[in-house]
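Inspection log for the structure reproduced underneath, given as structure tokens.
A, B and C label the chains in the order they appear, each numbered from 1.
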Amino acid sequence: MSAVLTRLAPLGGAGAAGRSAPTSILPLRLEGLGFAVGGKPLLDGVDLVLEAGGRTVVLGPNGAGKSIFLRLCHGLLRPTTGQVLWAGNGANARDRRHALLFQRPVMLRRSALANILHGLALAGHGWHERRQRARAVLARFGIAELAERPARTLSGGEQQVLALARAAALEPEVLFLDEPTAALDPAATARIELLLQLIARDGVKLVMVTHDLGQARRFADDVVFLHRGRLVEHRPAAAFFSNPRSPEARAFVAGELIW
Amino acid sequence: MNRRSVASVALAAALALALPAGAEERFITVASTTSTEQSGLFAHILPVFEAATGIEVRVVAQGTGQALETGRRGDADVVFVHARAAEEAFVAEGAGLERHPVMYNDFVIVGPGDDPAGIKGKDDVVEALAAIASAGATFASRGDDSGTHKAELQFWQEAGIAPSGAWYRELGSGMGPTLNTSAELPAYTLTDRATWLNFSNRGPLEIVVEGDPELFNQYGVILVDPAKHPHVKAEDGQAFIDWLISEEGQGAIAEYTIDGQQLFFPNANDAGV
Amino acid sequence: MAETSAFALALQLIGAADPVLVEIVLLSLRVTLTALALAALIGLPLGAALALARFPGRGLAIVLANAFMGLPPVVAGLVIYLLLSRSGPLGPLGILFTPTAMIVAQTVLILPIVVSLTRQVIQDLWGEYAEQLRSLGSSPLRAVPTLLWDGRFSLITALLAGFGRASAEVGAVLIVGGNIAGHTRTMTTAIALETSRGALELALALGLILLGLTVTLNALAYLLARLDRWGATVA
């Protein structure tokens, strides 16, 4: 792990220099956000502002609407009510500058390097810049030696690191994480958490859904607590864990509320 | 992306293969009959013509009915078939210019060696067919509107018989497939001698009736009317026709033999054939 | 009897590299491979588009593509014959009774196979990839080349199915090609001709050679997939 750390030169200006300094897409405003399927609301009336920087953890029992919340923010789902408002150019798909790491990332049937190149190509980067960025991110994440390996032959942990590299190569301002370590063993989980900390240190806003209360305690700067499709609390992590206001949150933190 | 460039080179190569080779070829298309093609006659005489004129002859071998239709649609420059009445109709309707008689061969009746209809050695085709019908012996008909089929129907008509029943099998096939089926059934069938001599899968079949002048099978050649189909290669097509009925062409036809037997008898200069 | 001697005859023909045989084999390969390339060029993107696009009549298009996999070659041949005939709408092209006409006929025959199988492969793959690709900013249209490349092993099987149909069929090429010796005579039309001449041994020998060619080509495709080092990743 420490080897990874030392290799971790900040990404710095290399990528940013390629574009004119983008205006921030944060804060992200959710206004009356709701999503219903067949008239049944899965998420309802969520009003929330997510400021730049820091690590937000989205908590809640099963069926609270956490994954839907992430997909609405990321634009994979279209809200049935309310709206998702990005500042600056955030609404522009080409410049949306936010990425999502899935619990089980889908790797293309090609090399690790090609997977990263494909993401960069989709983001509209030129041939030369794609290669430069991809090589840099592979080195930075300590998986340079896997570059030519078929992505599908990598272990689950390696694939998640690669997926994180693929997302980070896009230099997003916001990175959404949908239970990124739920399918991993403890060692791989630790590795992902470490890399996430480093990404956060670069000023990337992290918004993570997790089931793991321990992980949430280690990780969160602030907590968004959802229950049955509604936003119940949004508070600094220390305050949330030490003194949850709502009875649902209190039960959840105590490990009593699963549904 | 080396793989992609390899794939695109392969694709380009494949497309290059598709381009017609040598656009300068000089050729004519002749619609003729399977019996003429399968007898091997064309393989014998066409090289002689091509050497003399530099015109390649591409033969599409079909049944007589289909060959005339091919000419009628303008898909051939010359038709070379054997069904006099149909040929004359073809000219009369304006599809082709003049009909030139070229040669004849003859039909034979082949049948199983044990000869269930007892017609072996007869020299009257109409009598022989009548005997087959009254014995109810299996008879295989081409049933494909070919020249051979038309000739067969003519003989039945002369015998005053409308053939039908389990013994009469209409196959709807070319001469070769009909012989293959006849050998298997076994059945009597009418075939041109040329195809028969070239045919190897005879099984129990042998010639049972031959030599009746009625069995002579006249071939004619017609140029498709260029006034109707302007792309018809009238000059080269006419050159082929002229050669066929010339002394040289007639000689080449007479020279073709299988096992020492002459198959086609040139008669371009006979009247009324 | 015919079976064993046909085998010996086949070996003898191959050994002697009989020039007429070589010409027929090359023409067959040229016609079939070109038709396959054209069908791939049209059918792969079309099949992928059919998998990803949503438009009115899509269901009907899928049913038709599936149904036309069973198009009888003779029917396809006849329709193309009527189109290409001098008296038909495409008559001025003057390509009836040429290898080009046979390529057209075989392309028409195998296009539905390539389209249908491609649609199925890409649709399944899209089910797996859709969320990830959309997250990375891919539109369905942009996903087409991505999915075609990632589905390449299944798609090779689709193309081999097309090749099999094209190389085996005789009805269409006989009608539109005319089986002209030295010009449009392919393996299958030669086999049909030799059968009708009662030369069953020779016909069977040619059949064995055709079968050998098909097996060889399939083996090559298989090896290609194995050699591709991503082959191991296809689960």
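Everything below uses one rule, namely that a contact is a pair of C-beta atoms (placed from the backbone, for glycine too) under 8 Å apart; a residue touches a chain by one contact, two chains touch by 3 or more.
Everything numeric here is computed off the predicted structure, so don't read it as measured data.
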What kind of graph do the touching chains make: line, ring, star, complete, other? line
Let me spell it out: compute each chain's centre from its C-alpha atoms, then which one is farthest from chain B's centre? A
Whole-Å gap separating chain A and chain C, where each centre is the average of the chain's CA atoms: 47
At what distance in angstrom does the C-alpha mean of chain B lie from that of chain A? 78
In whole angstrom, what separates the CA-based centres of chain B and chain C? 32
Contact footprint of chain A on chain C as seen in their complex: 128-129, 131-138, 142, 146, 149-150, 152, 229-230, 232-235
For chain C, which residues are in contact with chain B within the complex? 30, 33-34, 36-38, 40-41, 85-88, 91, 94, 96-100, 103, 178-181, 183, 193, 195-200
In their complex, what parts of chain A are in touch with chain C? 74, 76, 93-94, 96, 99-100, 102, 105-106, 108-111, 118-119, 122-123, 150-153, 166, 170
Please output the residues of chain B touching chain C within their complex, sorted ascending. 11, 14-15, 17-18, 20, 29, 34, 37-38, 42-43, 58-61, 72-75, 174-177, 179-180, 183, 195, 198-202, 229, 231
